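Paired with subunit B in one complex and with subunit C in the other, subunit A is shared by the two complexes that follow.
Take a look at the complex of A and B:
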């Protein structure tokens, strides 16, 4: 059984008296100690998917349908906190997740004192746990870091502090939402290498949310491609990148700049519109080069084809389905 | 080919002041002894990480900052000797596009007013020109009366490019014009810029931190770190044969999606380089804190940018 399973999730947000569709029947699963990437552009719904798992949805959000289960615990019902205690999440901008007024050591103490309280634990014992967490992100070095304020740290160090705080929970699943977007390439590589090392050492599962296809390719075992609140393609990362099925994944992959100068950048024609998000038909029909009549009237289901790769497209279905 | 810009040993130092009396407590050498020239009609890339000084270079070229030493020469004339009239003329010919279109477009003006503003300054007929430049950036006339908040990121950046084009400039300084955009939108903006270049023979200075993007867009490159030039040359040559260890580190850090890119990435860069803090004010190589090849000489002597042939310049004692 999968560690985390999202099944047919439909999420809407109330805005100006209307219900705006945010997620349309999103299904996703992740196994124990697996690394999965969710890629998509702005507004594709990747962060909202993660927020549903963490129970961090805004008050205006309404879950219309669907199930989210973590290790058999239903996360959308009462008693979900038992499950959520075993999941941790880190965000894009570490500066907005760390309190700028408190030293690193104090903030980490607070986490252990309140949220992760153990009966009868002394400060010295808590210090030990903090030390271990900071050691594992290679930041402890004698404990100088404990007395420092967030503004004294570089971007990469702040993200390491965030990861260390997440590790205090000893999570079985870590959700990293664009953890390196604000960082330089060389620092980005260090943070990604660190995350991968941690997942190996701790047999932790990792969901990496990113808009960078390169990051998804380099870190994950499986990839989900999202567009307009739907999963349009998923599968083994190598297969998705070498043989993308869905026209959107194909377009996305050919639009990224490549270090190999002979591969040009091909843009996807058109732009995503509000109508694409709300349509009951295929969300990519207005930009798709292979569009057919039925794409405009009904919605292609997400189907799996052979070697654990799936796509939601009628044209692909014709080619692969038989 | 003729140069449009020549930067000669340009240095910019920012003072660090603190306290009530603003006592001077130190200085930051944002740009340190950088020289390069940009040829007419080429796309020249400046690549570096946060704090490398790339935006300071752009601001000096836009006459926002004055260099503390060195000269910036535009079409044979030293910009420090410009009269106010020269400056006005210069700004007409050198336009810029910034990183974040949301903050560079006036939210209270519609697209028409935004595009008319530069024309009004030079008392130029704007009626036809506004339509022309909108067409150049592939936007229809329906956009004329729309306000920035109703536009998507890509559309806003197109308007910003149209505004820069309004006065028919000879030179455009692009400071990370696509880093706030999604990849599929980025591809469109880059295609647009390439297309404009074909039709107008404009010169671009392109400032970026994204190596794969630069590989696809620039003819020549300058790699800078902490205000100092590390490597300069044809993009082709630098990607085939990166000489400076910092360039090699950058190239090996770029996340890639295909086998053919793997061949471009240098193999000799060790994993998990620890950074030791170095005093950047003293002499020595700016990369010595992370370099895996460093020797005694790197601590004491600052390497000069030397021509290694084929217009490939590098500042490393061991390259």
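Take a look at the complex of A and C:
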């Protein structure tokens, strides 16, 4: 059984008296110590999927259908906090994800004191745990960093501190929501390498949410491509990268800038609209170069083709389907 | 217990230097310091401490300022200087009591309403709208009109008005701050609602609240003495600064000192809070109306 399983999740948000669809039948799973990437552009629903797992949905959100289970624990029911204790999440913007008013040490002490309390543990013992967490993200400072305020740290250091905070609970699953978007390229690489090392050392599962197919390619074993609140393609990362099935994935890959000048960069025209999210037909029809009449009337099901690669597209189905 | 980490005392000194960089702020702190000292040491600073409260000595009435009576004496022969320094006590006491009860109450209410939203928010907002629609002084006059004029009733009236401002400010700040990424990050780390409200949101609102409180001290004193002046607050012979100003009004032509010295004292007191408040506002770079 998969460690985290999201099955047929339908999420809507109430806005001005209307129910706006956010996620439409999203299914996803991740095994123990596996790294999985969720790729998609802004508004594709990747972050909302993560927030559903973490219980961070806004009050206006309504889960209409679906199941989220972590190691057999239903995360959408009461008593889900036991399951969530074993999951950690880090965010896109390390600049603002740490409370600016407290020293790093104080904040980490707070996490240990309040959320991860161990009976009879002293401050010095907690400091040892904190030091160990900071060392595992390669922040060796001999305790100096504990006395520093967030503004005294660089972006990369802050993201490391966030990761260290996440590690305090020794999670079995780490969700990283665009952890490197706000960082410069060299720091980006360091943070990604660090995350990969940590998943390997600790046999931790990692969900990496990114809009960069390149990052997905470098880090994950499997990839889910999301568009307008739906999973349009999934599969082994290498296969999705080298032989994308869905026209959207193909577009994403051909829009990666290349050093080879003979191959130009092709952008996908248009953007995700609210209509794409609400339609009962194919969500990509307004931007798809291969669009056919049936795409405008009915919704292509997500089907698996061959070796654990799947896509939701009629054109692909004609080509691959038997 | 406060432990200073290495470098922390240096940091505090730097902040103090920034606060005192502005000369007007230093002036405000100096005036306030002097007033607080005089108020605390009042019985030691005058030989006429027995003249506070009911006391008449018509043989010494209407005496002009002199060495024996630096601010002169009033219509019943009391030493005006003594009344003024005891008047500081009353003003400071009222301001502190009103602020220290209304601010925490309003802040907690605003915090809870802003954080949870829903019907709590709706109810609180409407109540605050009603209170804030009327000027504070008018509202205070109405309340003391019902309760009767006395210093205690002024305090009750001011508290029942003042919490609204803090509830409104805290409510707005909470709405802004609860969507900060660090609040979300704290939730992920397992923080409960109470911890998020009081350890994540409230500290980040503290600079705005501190500036508002500093400015409010002066404003509360102004209203409290204004009510004393109008005869709807403290009553003679309470040495309230507003009462003192009012009691000399009829004698402005013949014995100006009875009103003028309490007026100057009152102005200095309010001025000091305003100078400190605006100095803090510049220091913390917050916007308070």
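Observations on the structure shown:
The rule is simple: the second predicted complex is superposed on the first by the 320 of 322 C-alpha atoms of A that agree within 3 Å, B and C clash if a C-alpha of one lies under 4 Å from a C-alpha of the other, contacts with A are read in each partner's own complex, and residues count from 1 in each chain.
Criterion: contacts are C-beta pairs under 8 Å (C-beta built on N, C-alpha and C of every residue); 3 or more make two chains touch, one makes a residue touch a chain.
Remember, predicted model here, so these are calculated numbers, not experimental data.
Superposition note: with subunit A as the common reference, subunit B and subunit C can be accommodated side by side.
In the superposed pair of complexes, A:93 makes contact with subunit C only, with no contact to subunit B. In the superposition on chain A, contact of A:119 is made with neither subunit B nor subunit C.
Shared-chain residue A:110: touches subunit C; no touch with subunit B. Angle at the C-alpha centre of subunit A formed with the centres of subunit B and subunit C, after superposition on chain A: 80°, rounded to the nearest 10.
Shared-chain residue A:85: touches subunit C; no touch with subunit B. Contacts of A:214 after superposition: subunit B is touched, whereas subunit C is not reached.
Within the superposed three-chain model, A:165 lies in touch with subunit C and out of touch with subunit B [touch as defined at top].
The minimum CA-CA separation between subunit B and subunit C in the overlaid arrangement is 5 Å, rounded to the whole angstrom.
Contacts of subunit A with subunit B, set against its contacts with subunit C after fitting on chain A, share not one residue.
Those residues of subunit A lying in contact with subunit C across their complex are 54-56, 59, 81, 84-85, 88-93, 96-102, 110-111, 114-116, 147, 162, 165-166, 168-169. Taken together, the subunit C residues at the contact with subunit A in this complex read 5-7, 117-118, 180-182, 184-192, 195, 199-200, 203-204. On the side of subunit B, the complex with subunit A involves touching residues 49-50, 152-155, 182-188, 190-191, 209-213, 215-217, 235-236, 239, 249-258, 260-261, 263-265, 271-272. Those residues of subunit A that touch subunit B in the shared complex are 41-42, 155, 184-186, 188-190, 192-193, 211-215, 217-218, 241, 251-253, 255-268, 271.
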